[in-house]
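Order of writing sets the labels: A, B and C. Residues in every chain begin at 1.
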């Protein structure tokens, strides 16, 4: 929606640059004018980024965070998608199970930390469990919703061609629900990325989240703090964009035609 | 319920579909509502039957029972002597909307029911039916890039590809604009004349019925009963200004109780 | 014997609770409490008046953080959604900030606001701001072009257009976004309280464990968090259903 003329191609680079420049300027001058000794200026953050990139530890931290996401999120997909599909297919089952999910869902994964530590001890596995918890619910919800919004006509058509129930699920219901499932999975990936950082700030001692809290605790290196935050933002964005590419695959693209 | 692939059957003369004292009653809010009442119908092999009736009278319900999607509460439906118990690839229903699978190309859709065939035979059939419905050049196109008329043609091709004994069509042209509708009627007739399938076609459009059908079944409003079965004895191609055409059309309109002067 | 439909979820939950209790009973010396222990914990919290106090503290922070975020993000988002160039300018920045967990802002929050309520409210604000911004932008995009044309056709002035076309058109989608973001706020407050303040449900969990391994209170806290989060969600849903907001067409 716009109330002006259609923007030209160069403008898609120009305006973001203007906004970024504005932000940097405001940032820089606030640091200068308030005379703060602690909060980093854009320049010091830039140097901190360079410092991080040179440190091998950064890559290890990024690797740790991504690895935990891979396991936790992967487990959520492996468990959540079949469960969600089944609940969507059998509304009676959904009606029974759904209340339990609705009660568990608003409990922040972080609140599960004490329980997680009892089961898994302090460390990776607890973090992976938390990520699993965070990703699980959006995936199940999206699968249920995707399956129940498959037009009945398509199910009838599938039956008409003689498909048994497992075949119907595989060849009609799943492909029809896939666009919605993918959206839910992508959102769950975003949540996983948020949870891993939070978990690393509390329950483990490696990873980008840990880098944020550690930079502050051991030396008040706020330039490193901000640099780490930037990395978190950029990698999170990269994850989201890569996943969106999946949504362009031809056999799924039909479901996104009218998506915002 | 059969999950076998349809095999090409020898055409049989005479009785194809027989409906005897068919009734359907369902419950809603504790009340029993009769949707269909005492429907009797005999359809011969290769006939083109239209079912017409006022809106909401139960035409689609009847078609769904004939196709096996809904069980009847009384009476029977038999095809070639075998009673209809559920959906089956030997009797394919073409839907008004959203019938094609959007994640498959034209080829993928047409080949949907052919998975049990060997590759070469499958490809050959797909190519044949792409041609039959005149969608050449669109084999690798996805339904979201097809027009409404093309999507319906695709559904018909998909249905024909499994060589069904009977083809059911539930207001297939209802969602199309009137010009496309006229073209599609011609296409359907052409296909019917070359393949001589048994077709049962539900419509609310009287003209459509008179233009297409050998016989027109008129249903009353709910509960649906057969008011009359009118034979259209005009040869194809039918002239829609001919006196006989107008006569039959008027008769149908009268049956449905509509004034024919606006 | 057919179990009535309404009763089935209740029986299912009862069955789960029973299994939980049995498993705990079979493992004595376990730190984790069973449902009976949790119920006892809830009662204890009620008796000491802590339950009410902590719930209020958490809700207070949510209200402020969420409220401020909504107040700022929604008008801003509507404007950005309207002015395409504005959106083009800020969209990349928003996309970089959004994946940063609110908790990662803790060092900065503490630097700016010290340890305490303000820091927690700030974290909730950050967690809600970007999603609400995006929701508002997307709500403007979703307005069908025909509405704009109709508005112009009837010669509406800009302010009349905003109040009579734009606002009603975006409210349904905004309400959904608000509900989802409120859920986010509830998740963030609990996490924020576990780190940076000394009251509230999140604090309860951390404190109960640290000061004596009172896992019955820990799990009691979790249950209460879940229950209140669910109530918040249901409350927002009933708002969406209210006649005066419920005008999306059947395709909504």
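Everything that follows uses one rule, which is that contacts are C-beta pairs under 8 Å (C-beta built on N, C-alpha and C of every residue); 3 or more make two chains touch, one makes a residue touch a chain.
Just so we're clear, the structure is a prediction, and the values are computed from it rather than from any experiment.
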item: Chain occupying the middle, per Cα centroid; value: A
item: Label of the chain whose CA centroid is most distant from the centroid of chain B; value: C
item: Rounded Å distance, chain A centre to chain B centre (Cα mean); value: 48
item: Between chain B and chain C, centroid-to-centroid distance (C-alpha), Å; value: 51
item: Between chain C and chain A, distance of the C-alpha-averaged centres to the nearest whole Å; value: 17
item: Residues of chain C engaged with two or more neighbouring chains; value: none
item: Residues of chain A engaged with two or more neighbouring chains; value: none
item: Chain C to chain A touching residues, read off their complex; value: 5, 8-9, 12-13, 16, 31-32, 81-86, 88-93, 95-108, 111, 138, 140-143, 148, 183, 186-188, 190-191, 194-195, 201-202, 205-206, 209, 215, 218-219, 221-223, 225-230, 232-233
item: Complex contacts: residues of chain B adjacent to chain A; value: 1-6, 67, 69, 86-89, 92-93, 95, 97-99, 101-104, 112-113, 142-144, 162
item: Touching residues on chain A, where the partner in the complex is chain B; value: 151, 153-154, 156-157, 159-164, 167, 171-172, 175-176, 178, 250-255, 257
item: Partner chain C, residues of chain A touching it in the complex; value: 1-4, 7, 11-12, 15-16, 18-20, 23, 38-39, 95-100, 102-115, 118, 190, 193-195, 197-198, 201-202, 209, 212-213, 215-216, 222, 225-226, 228-230, 232-237, 239-240, 260
